[in-house]
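What follows is a set of structures to go through.
The same chain A turns up in both complexes below, where it pairs with chain B and then with chain C.
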Partner chain A sequence: MLKYLFAKEEDIPQGTAAVFFAVSSIAWFIIGTGLGSFNAAKLAFPDFFHGSYALQFGHMRQVHVHAVIFGWIAMAFAASMMYITPALGNTKLWSEKLGVWNCLLYNVGLCLALALLWSGVTSGREYSDHIWPIDLYIAFVMVLPWALNVWMTILNRRTQGIYTTNWFFGACMFMTVIVFLIGNLPEWFHLTGLNEAYMTWWFAHNILGLLITPVAAAITYYIVPKITGNPLYSHRVGHLHFWSIVVFYSTPAAHHLMSSPLPEWLKSFASVEGVLILVPAIAYVCNILLTMQGKWAMFVENIEIKFTITGVLLAIPLNMQGGFQQTRAINWYIHGTGWIVAHAHLALLGFSTFAEAAAVYYGLQVLLRRKLYSSSLANFHFWMLLIGFSLYWVSMTIAGLIQGAAKIYEVPYMDVVIGEHPYMVVRWLGGTMVFFGNIVWLYNMVMTARAGTPVPAGRQPAEVAYTR
Partner chain B sequence: MAWTLRRPLHTLTTEDENQRAKDLWEGESLGGIAENNNPLPRPVIGLLLLTYFTAMAITFPLYGQRPTAAIYADYVALLNSEPVQEVINDTSLPYNERNDKAMAMIEDALAHFDSKYTFQREQHPISMDQLKIIAPQIVELQTAGVDLEEYIVVGPEVIKSNFFNIQPDGTVIAKQPWWDKGYTVACWWFIVFCLSVIIAVKRLPPFTWRPDHSIAH
Partner chain C sequence: MAFREYKIGCWMFGIALSFSMTVTIFLPSIDISSMSSTKEALEKQLTYGWESGFNYYDPFLQGKDKPIKVILNKDPMTGEAIDETAAYVFPAGTHFPNGLTHDNILGDDVQKASVELGKIDQASEEAGAVFLVQTTEDDVPYIENATATRGWQVDAVLNAAEQKIYAGAGKTMFIREGCWWCHTLLPEQTQDWQTFGRPPLVGDFNGESPTTFGSDRKAPDLLHVGSRNSSREWMTMHFFNPRLVQPHSIMPRYDYLWGDKDANGNPIDLEAWDREYLEYAKGNRVYPPEVPEPAPDSEARKLIDFVLNLK
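Let's turn to the complex of A and B:
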């Protein structure tokens, strides 16, 4: 990386920034899931590693959350955008050099941010936990240069049209910058009380709904047609998906605060919009699954399609849960329980992660022009991720239902803790499987770079995946 | 950017504009990716309509997460009645047994006459201990002559609810409404969304046209 920081733009090979972001994202995925496994162990076995201030759950949880969101998910998005955006515009990335600097400063900033969280320096607000100097760094050093590269690449494209994926990439980066700056208003202006609560959840809701899930969807809009060779089923359904995300996903933040003294009309509006999140979900899933027509064998044979379509299928329960769990009648039961933790992991470790993993697998093979070192290890990674995630999701969903019942019927807290113990052990087991799967993934990708068979010019990695 | 409104459900653009879009669609390779021009499948349209009606139905009526004080007014009246007080003050029985017996008397009495609160009472059962805590507050509110439907029970407290239905004369009704302006906003939001998306997709070539992907690929 260092040799490219001060190189001339034309001396930096295309795809360099994407490769750096991709490798960083895998490394952060290992760190983030390792922290998650450690945290889950503390919940499953309360005597594990107690007594150390820095390793208390209250500190470690935030570090885990931000390591996976900013480290894994966001950097995998950056990697994807930095090779997919130019590919769809038949052009080069606007500035590889900016991308390389962006990647370096992103990693430095993330280390600093996580170190501060670890040492207890926090805003105290969930998901927007960082203090304001770190917020400014994230907005102007980590996100804005990345967004600038995406927007300028789209502006400098050599096509007249803009493909659906790039609508999402460009718009989501714009919306993220807005969400980040407005969502952190409590930190800039020391807002308190209900304003603080609402802005906190407006931020948390929209960073999920206007960045993480739509960009993951945008990636699948690229990966599925590109690898299967099928045209996207419908351009106009893409319109429906895009505009319904903008219209219905940006409005229901109040449904995170259904028990708060926010005005009831706002909650009613948010609740209806919350169910209408199913509109983009239905449009999206139907568009991708119909694009797969005639190519379903690839769901078994091709690792990127396997990851992508699994992610798309996980988007169905994700949106069914998300749409209905926020209604007053259901939220009353599951609010503040492990159900929500399971749902959040379904979005981030389920749908989003599977789509991103596909993009990183595909991107690294295409950019390095090398076949995967081992398809077997990739399949092993897939199953570790899927089984580990499923164990986590199912166990936490059941634990959440137990907690909900206990909350309603006022069961003593210690009895709930005892009743949940087996599910906490399964949660730890699932999370640890994901962690070990990711270590195998990193090994596979490092070996792909060092010893992967070169992909012949003009061929796709998927076309030569089973040739020797 | 030409418009034509002769067949709005077929296309909103002129033939020239459509032809330009078709040429671009077929002649341009977006990074090796092509797109088809299919409409939403009809079952999916049905699913989307079902989603909209479900969205309205499942969030409606406005289930209060907290009970209004009005549903406990009869409980309080019966609690303060002589027979129930005799049971509660009967020190020959253990405390829990007295409570259970008194609550059974109250519920038995309530079961003998209809009330518009029957459903809500089933949704929000109350223990004798909690009833004893909120009873003085409800009596105080009744003495003050306020409408108990404007008050909710939050744990041990009876407080004014946070429904803000502002009337034309400026007064605020804090009763749980059967409809609130959040639904009105949601209806308009949905209508404007549908119109906007219909306009956006009807600017594309009509879906009866199938692009030929062999031209650019």
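Let's turn to the complex of A and C:
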């Protein structure tokens, strides 16, 4: 990596930035899920590792969240955008050199940001925990150069139109920058009170809704047609998905605070808009699943399609929960319980992670021109992720229902803690499976770079047979 | 090649996003900002000071730049007995909360009463000030600058204090130690009245930052915990090792907030304490080891003050 920092732009091979982002994202995925597994162990066994005060749950919880969001999810997005955007524009990435610098400064900034969070230096606002100097660094050093590369590549495309995936990439980067700058206004201008509380959740909602889920969807719009060879089922349904995301997903932020004293009109508006999230959700899932027509065998045979379609199928319960759990009738029961934790992991570890893992698997094979080292290890990774995630999701959903019932029937809180204990243990086991699966993944990708069968020019990795 | 420019799409995108920003940011902010402070909001601002998260004046969240809440039983200047009064002492250089430095935080009536009756416009951060929370005959809460209205000086009030409550610094500990990842400060409007007390009102938060509602209730809500359990002894044991008073608790131990020495100046040896506790847990001891009393300037004391002050 270092040798490309000061190389001339034309001397840097295409895809370098994407490869660096992809490898970093896998490393951060291991770190992030390792932290998650450790935190889960502490919730099951509170005196686990007692005495290491640096490893306090209250200091590590947000480090897990930000390691997976900024490290794994966002860097896997950056990796995907840096090879998919030019491929769809029939051009080169606008600047590989900017991309390489971006990746380096991204990793440096993330280490610094997480170290500060770990030591307790925080703004005290969930999801925008970073202190404002770090916010500025994230916005102008980590995100804007990345967005610039995506936008300029789209502007410099050599195709007439823009494919669905690239609408999403360009628009989501724009919305992310706007959401990040507006969402952190309370810190920059010391806004206080309910305004601050509301904007904290406005930020949290929109960063998920306008970056994490639509970009994951955009990746599947590329991966599925590319690998199956089927054209996207409907460009028009893609339009419906895109526009309904922009209009419906950017408005229901207040549904995160249904039990707070926000103005009632705002809560009702947010709740109705929240149900309308089903419009882009159904459009999207139908579009992708119909694109698979005639190629369903690949769901079993092809590792990238297996990951992608699993992610798309997980988007169904995700959006059904997301659309309805925020209505007053259901929010009343499950607000603030483990159900929400399960739902958040369904979005990030379920839908989004599976889509990104596919993009990273595919991207590294294409960019390195190497066939995946081992299909068995990849399948092992897939099942560790899927079973680990399912254990996590089911156990936390049950724990959430217990908490919800206890909440409305006014059960003493200690009885809830006792009742939840077995599910906390299962959650820890599930998270640990994901962690070990990811270590295997890193090994598989390193071996792919070193010993994968070369893919001939003009061929897809899927067209080359596995040799082991 | 003729490039499609996507002019209509760009316009539609701009209009859609602007519409969404107007409805979800601009309109709510007008509505929320028009809410008047309640008495709780005034008390919270005066207890917690300018900012409890990361800020210039306390970048490492050590509880600096915070006011001290004191309980008075006598007039600090004359020494005459008075009804028990809570006063909020801002030593010289302590930054004031937003409600005292911005005109649009308290709400029109509260602001008017605070200036006309409470003389808050005469308070100065450089010189320090002592504040009280009062109510007018029309039931409008307001802030009284006792330094201007009664001549109460910072040092005199601190000397006359019956009790000093470091809840402002304690909130910083609450945020730094991540208590709010499990304990919410937001009883829910629909069902928490019996167990966790009255949900907050819309004006209860003016000027407070951050509000730390919390989102994941892995533990009891704490907004009114000081009313449910006001035992300092119980809180001290619970923070040192929650399993001492609640065998099934999954809360972490916060024994490291005690620092090096206890209230009597004896060194605290956490490892030795742990060994004795383990003996107790195994059944080899009848009683657990004694929990040291936190020193007056320890972080544990501040955090306990904050929690007990949540009435």
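Going forward, the second predicted complex is superposed on the first by the 463 of 468 C-alpha atoms of A that agree within 3 Å, B and C clash if a C-alpha of one lies under 4 Å from a C-alpha of the other, contacts with A are read in each partner's own complex, and residues count from 1 in each chain.
Just so it is clear, a contact is a pair of C-beta atoms (placed from the backbone, for glycine too) under 8 Å apart; a residue touches a chain by one contact, two chains touch by 3 or more.
Please read these numbers as outputs of a predicted model, since none were measured by experiment.
**Student:** Quick check on the superposed pair: does A:175 touch chain B, chain C, both, or neither? Answer first, second, both or neither.
**Tutor:** second
**Student:** For A:46, select first, second, both or neither according to whether it touches chain B, chain C, the two together, or no partner.
**Tutor:** The second partner, chain C, only.
**Student:** Touch check for A:151: first (chain B), second (chain C), both, or neither?
**Tutor:** In the superposed model, A:151 contacts neither chain B nor chain C.
**Student:** Report for A:269: first if it touches chain B alone, second if chain C alone, otherwise both or neither.
**Tutor:** Both partners, chain B and chain C.
**Student:** With the two complexes superposed on chain A, say which partner A:61 touches: chain B (first), chain C (second), both, or neither.
**Tutor:** Once the two structures are laid over each other on A, A:61 reaches chain C alone.
**Student:** A:88 in the overlay: touching chain B, chain C, both, or neither? Say first, second, both or neither.
**Tutor:** Touch partner of A:88: chain B, not chain C.
**Student:** Looking at the overlay, what does A:194 touch: chain B (first), chain C (second), both, or neither?
**Tutor:** So A:194 only meets chain C here.
**Student:** Just to be sure I read the superposition right, which of the two partners does A:163 touch: chain B = first, chain C = second, or both, or neither?
**Tutor:** The answer is first: A:163 touches chain B but not chain C.
**Student:** Check whether chain B or chain C contacts more residues of chain A in the superposed model.
**Tutor:** The partner that reaches more residues of chain A in the superposed model: C.
**Student:** Please work out whether A:436 is in contact with chain B alone, chain C alone, both, or neither, and reply first, second, both or neither.
**Tutor:** Neither chain B nor chain C is touched by A:436.
**Student:** Could you list which residues of chain A make contact with chain B in one structure and with chain C in the other?
**Tutor:** In chain A, residues 160-161, 243, 247, 251, 259, 261-263, 265-266, 269-270, 332 are touched by chain B and also by chain C.
**Student:** In the complex of these two chains, what residues of chain A are touching chain C?
**Tutor:** Contact set of chain A toward chain C: 42-44, 46-47, 50-51, 53, 56-59, 61-62, 119-126, 131-132, 158, 160-162, 167, 171, 175, 178, 182, 186-187, 190-200, 202, 243, 246-247, 250-251, 253-254, 256-257, 259-263, 265-266, 269-270, 332, 335-338, 340-341, 403, 407-408, 410, 413-414, 417-418, 424.
**Student:** How about chain A: which of its residues touch chain B in the complex?
**Tutor:** 84, 87-90, 159-161, 163-164, 222, 225-226, 231-240, 243-244, 247-248, 251, 258-259, 261-276, 278-279, 282-283, 286, 290, 323-324, 327-329, 331-332
**Student:** Where on chain C does chain A make contact in their complex?
**Tutor:** My answer: residues 1-4, 6, 9, 12-13, 16-17, 19-21, 23-25, 27-29, 31-33, 35, 41, 51-54, 59-61, 97-98, 105, 175-181, 184, 186, 188-192, 194-195, 199-202, 204-220, 242-243, 246, 248-253, 256, 270-271, 274.
**Student:** Can you list the residues on chain B that touch chain A in the complex?
**Tutor:** For this pair, the touching residues of chain B are 24-25, 28-41, 44, 47-48, 51-52, 54-56, 58-59, 62-65, 162-164, 176-177, 180-183, 185-186, 189-190, 193, 196-197, 200-201, 204, 207, 211, 213.
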